[in-house]
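One structure below.
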Amino acid sequence: MALFLVNILDGLVTGLLLFMLCSGLTLIFSMMGVLNFAHASFYMLGAYFAYQISTVTGFWMGLLVAPVIVGVIGALIERYGLRRVHKYGHVPELIFTFGLALLIEEVVQFFWGKSQMAYSEPLALDFAAFSIAGNSFPAYKVFMIFMAMGLFLVLLYILTKTRIGMTIQAALSYPETVQNLGHNVPLVFMCVFGVGTAMAGLAGVIAGPVLGTFPGMALQLGSIVFVTIVIGGLGSLWGALVASLIIGWLQTFAAAYNVAMEDILTAIGFTKPENIWDHPLQDLWTLTLPQIGPILPYLLMVFVLVLRPQGLMGKRET
Amino acid sequence: MTIASKTPLTAGTKRLISLSTVLPWAFAALFLLILPVVFQTSSALTIMNQMAITIVFALSYNMLLGQGGMLSFGHAVYMGIGGFFAMHVLNMVEYQGLWLPLPLLPIIGGMFGMLFAFIIGSFSTRRAGTVFAMISLGVGELIAACSIIIVVFFGGEEGISGDRTMGPEFFGMDFASQSEVYYLTVVWLMIAAILMYLFSRTPIGRIANAVRDNEERAEFLGYSQRNVRWISFIVSGFFAGVAGSLFAVNFEILTEENLNLATSGSILLITFLGGVGFFIGPIIGAIVFTLLQTVLGLYTEIWSLYLGILFVASVMFFPGGFAGVIAMHRRPLSLGKLHLLTGPYLKVAIPAVTSILSLAAVLEILFHKRHGFAGDGAMSLYGITFDSHGYQALGLAIVIAAISLFLVSRITPEIKAAWDEANHAGDDQ
Amino acid sequence: MTAPALELRDLSKSFGLAKIIQGVDLKVAKGERHAIIGPNGAGKSTLFNLITGKYAPTSGGVYLHGENVSGLKPFEINRRGLSRSFQITNIFPNMTVFENIRCGLLWTMGYKYSFWHMISGQQDVTEKAEEILEQINLTSRRDLLAGTLAYAEQRALEIGITIAGGADIILLDEPCAGMSHSETALIVDLIRKVTEDKTLMIVEHDMGVIFDLADKISVLVYGEIIESDVPDAVRASVKVKEAYLGTTLEDEGV
Amino acid sequence: MNKFKTLLVGAVVASLAATAAMAQEKVRIAFIDPLSGPFASTGNQGLSIYRHAVDELVNKKGALLNGSAEFEIVPFDNKISAKESLIQLQVAIDQGIRFIAQGASSGVANAITDAVKKHNKRNPDKQVIFLNHSAVDPALTNDKCNFWHFRFDANADIKMDALTDDIANNPDIKKVYVIGQDYSFGKAVAAAAVRFLKEKRPDIEIVGNELHPIGKVKDFTPYARKVIAAEADAVITGNWGGDMVGLGKAIMGAGFTKPIYTYYGATSGITANFGDQGDGIVKLAGAGQVNPPLSAEAEAFTTSYYEKFPELDLGQPQMANVAPMLAVAINEVGNADDVKAIAYALEGMEFDGVLTGKTIMRESDHQAIQTLTVQGQTSEGLTFDYDKSGHGMVAETIVELASLNSATTCKMKRP
């Protein structure tokens, strides 16, 4: 039971982190119709910038400054790159962001090399906040939960209480209303892209010390982020939240419990073959839940898309 | 012998089409035949084989992206599946005495590629655009991940290997030497390329274009957009499987790498760089990419950075890829005004090349400064050796780059004017 | 008596709470030219989209020659002999004019999903396509990309694609929208020519066109048919005048 | 038409490139490892050690054919791809290179050993030797052994033998948790751990034995929770790269303060990432040692290495043996062309490794037998630190000629 509780908390951390990425991606998608393949790359940039800043001024400055830099870079990319491609249609846009993801990874390697950076949590948070049955829960993770929650609340406030937020919300359900933003649609697009990427950058700043700051971090998380917003429903913020939490818990619990296929097969009446390593079904017999944990989100996505193409809470099909 | 039997076949299939269509193919076949006479080393043959395989794969990918409007992030799956099955069949030939001449292996791989495309296409082709792209990504990741888990079939991390020479001899060839494999590969390259070209000329091939352009309209002409995409997808799966089998024959090993996102991504890159709107595009893309990868890779560590820059620049400025740039000159050519462009082109060539080389030098020097060995500041670039840690070399490169870029920017209006002039015959272009 | 070519029985469509089409009943006899008119937002395009299968009806049914086709996909309805054009030009912009027409022909000429025919070798298709090009006066534009045509030519091409398949029921959605008077006259002639012996249903704002072409006119207001009769009777109808908020049909543009 | 022109130009360039590097009195070794991409740090580290060993231990001493020849290391980037490795192998052979060195990833090593075997059979006039400096899958010197393959690193079994000796001598350890990456190497480590522990300390309970997907786990926290919940006294893992950092940080972050036994728990950013937390916890079993230096020569060798490559680490000491041992074999044969004779000369060779002590290339399976150490991470008493972090590894247990008589299933077929 104690372990279950710990896993709930760990899954929550993973899920909320995922949500920080997904919310920015969803915002961008809702407003601009662009599925930003490079979104996780901005997350990576956030972590690297924060690391670089932290070597000079410490963690907290990085937390403040890095997301801003990432946001500015994002806005510039929208202004001088994406906008140019926009006229060719959505598929070239997707290809552009895909190329951007490749390029950002190369640029990061160019400047920081290939090894993992020694980016770690601030000393002030480097202690165990509490522990459950010997398992300590780092203070930093508590901080992560509060940061993600805080971001969510700010976002919720903006979306429900401000004019721009209302328009964005309308755009979630009715893409045509984007045109009613007034005369400066391009500026709004640029800002949305900047804010969305800054949120990804913030996620990177926070996740870097825990999940590692290395050139593969974008790729590792990238496809999961798309999977999440597709499962949640493209353009649905609540869907993104729900899907993020589902995937966070799914992955945590899949890794946490060693459910073995062997036990299941024996329980339903099959007998394990004598010499398992020569058996054609050896892989089935030796399968465990942690082994397939990382592919569960993809499996879930395929099911969702086949059964409910608009996603769990999505209102529109693409 | 294979060759002799191939040429009449080429001619036969194309008889109903004009000479101008047959000629490039015949020329290509001849060229491929004499290529190994010029480049005899087995590494040159290996690289040419790899190009041939990449061309088949890229053409099959372009059936989706270029002709069907389907952006796939998981096309490696069908090539890989075809290759893995081909490899298992190869091992059955070796260990269970199955009788199968090696040149027929690609048919088997193709069939399995097709089978998987049939199954996965049944649900993924319902929609084009973003949803298709996402499903292809998901399925791609899924199967790549499964390949590590299902060791019996995929061989886990180390993959599965085989020996191509164990089958029955084929007209006296046992395919131990690279050159025999080369001929097998290019014969299949020709067959596959011709078939794919012909496919684009069939009713379904044209309707695939129509669905790409305007799926709603196609539906109101009696065509189910899903079925049209599905059929393209299946046919594309077949040729991807053929490419996979050729891979199995050439490298005698298949690993997870043949299925993963990186491979799927690079075929997108190759096809797009070459030009998705043109049949020849993926062919150009495959050749350029293979050369960049093998040759540039020999000279610089940051070759993939250059590739990334090239790709992003291409998406932004030349969405038609290399083939598109070439095709842009078709109109001046037909107007007989191509000569108007040669002057400005020649004029810009030197500063343009200089600026590219000097910008690359800036990157190389920066990279060397940052990641080179500390005691080892010596660096040689374009045949010049210097100390990368001082500021002279870097400064010089930056100055040269700035000057040449300035020159390029000065000449640009002239090119633009010449371009407008060369295209000016009737209305807008 | 044979079944009407097209019949709508108590057809309704809602989007969420908004009822766009509310219980439409309509019969279009074979060979009839039937026009739908109504103020903006009356649901004319939605009605077309319901008939052609783009949307599934919330309730009620669409019958083609007596067969219930509601809920079928657009391509299935098309194969049963109904073809439509679009309000916004809807052609294949990256294909040539000739190819646009040819795409409209392939299914009904039996090539379907064929990958064993070389398309350029099929004389029958080529000839038929040329013939249609001739009809819509685009022979001189044969090998241009459709996207590069002038607007009026694109509208003509749109009609050409629509009728190419030889469907016996043709739905035209504002074929003359955005055209000058002379262009409109040309298109109306074209429509008359290509829909001979066919059942035609047309939505159009230009009342001149309507009263010129139509055998019967139905007036759609807020998702309901308030009148369906021959042109003269519609012109005289009080209900219709009220629906157009006091304006007369003449003011609308005749 | 353009297709042809491009292809022609390209092929000219390719074949020029293939012949460009021709040199006369150099004996060239092709170093095929990842030099770009995510695993480049591993490849570049290996390359630096090779270069340093060739300079200091062979060329400067004139140790190759009495100074009439020199070694040259020719790097080839295989991008850690099996396909790319085979292409580079082919390019190297075409350039006339007869000595192929590779080590990063057992998967690639498997592909190369297989390709070398086929190549030597098909081209008896151009035979090559495969010098495996760090791929440790036991199969390579057991079921899949072949005459042309020589392994200079201790294989996974040998390392586990040394590692479990250390565990066996620690009476505090009663429960062990084994975790690794889900592929051949990870499975080999797990199997060896179970086998040796059962043999040496049957009283130790293995409280966890599991595999996780390789390179796919973003967050190792759930695994760390299981380790804590199982109340393990020690963890054994074969993880490397990002999976090592992730697992190590998660386990220590969850409050684990007992030893973590690793194969690759140092250098390439790992030591820097573990930092203070890893001191006294992270252990590593490997061939040879850097701290404390074995001899004055070793210290000089290491010092000059760090002068030359301050950004890198001498993380794989056995790599320094490859070129010197090859030189001895070539000297014995008298030329660098009779590859088969050189392979025979390498078999059974006894050698004094600068960082690995007495080293024997076992004849029966071409497995190097050398000094193995179990090292512990610390920040005190270091002659050389890793990652410029102030932390490093110091040999705690030293086993000379480890596993000299271990069994092998290799049935060597000699030409």
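Note that the chains take the letters A, B, C and D in the order they are written out, and that residue 1 is the start of every chain.
As a working rule, contacts are C-beta pairs under 8 Å (C-beta built on N, C-alpha and C of every residue); 3 or more make two chains touch, one makes a residue touch a chain.
Just so we're on the same page, UniProt names per chain: C = ABC transporter ATP-binding protein.
Just so we're clear, the structure is a prediction, and the values are computed from it rather than from any experiment.
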Problem set entry | Partner chains that subunit A and subunit B have in common | D
Exercise. Among all chains, which one's averaged Cα position is nearest the averaged Cα position of every protein chain shown?
Worked result: B
Problem set entry | Chain pair with more C-beta contacts, A-D versus B-D | B-D
Problem set entry | Centre-to-centre distance between subunit D and subunit A (centres being mean Cα positions), rounded to whole Å | 35
Problem set entry | Between subunit C and subunit D, centroid-to-centroid distance (C-alpha), Å | 73
Problem set entry | Averaged-CA centre spacing for the pair subunit C and subunit B, given as whole angstrom | 44
Seminar exercise, completed: Going by residue number, subunit D touches two or more other chains at 37, 40, 182, 213, 216
Seminar exercise, completed: Within subunit A, the set of residues that touch 2 or more other chains is 109, 113, 291, 294
For this session: Mark out which residues of subunit C touch at least two other chains, giving numbers and ranges.
Result: none
Exercise. Which chains are in touch, pair by pair?
Worked result: A-B, A-D, B-C, B-D
Exercise. If you look only at subunit A, which of its residues touch subunit B in the complex?
Worked result: 35, 81, 84-85, 88, 90-92, 94-96, 98-100, 102-103, 105-107, 109-111, 113, 219, 223, 226-227, 230, 234, 280-283, 287, 291-292, 294-295, 298-299, 301-302, 305-306, 309, 317-318
Exercise. Within the complex, which stretch of subunit B touches subunit A?
Worked result: 65, 69, 71, 73, 123, 126-127, 129-131, 133-135, 137-139, 141-142, 145-146, 149-152, 261, 265, 268-269, 272, 302, 304-305, 307-309, 311-312, 315-316, 319, 363, 366-367, 370-371
Seminar exercise, completed: Within their complex, subunit C touches subunit B through residues 52, 54, 73-75, 78-79, 83-84, 86, 90-95, 99, 102-104, 106-108, 111-121, 161-162, 164-165
Problem set entry | Of subunit B, residues touching subunit C in the complex | 16-17, 198-199, 201-207, 209-210, 213-214, 216-225, 227-228, 231, 235
For this session: Note which residues of subunit B are touching subunit D in the complex, please.
Result: 24, 27-28, 31, 35, 38-39, 41-44, 46-48, 50-51, 145, 148-149, 156-159, 161, 163, 165, 176-178, 247, 251-253, 255, 257-258, 280, 283-284, 287-288, 290-291, 294-295, 297-298, 301-304, 326, 371, 373-376
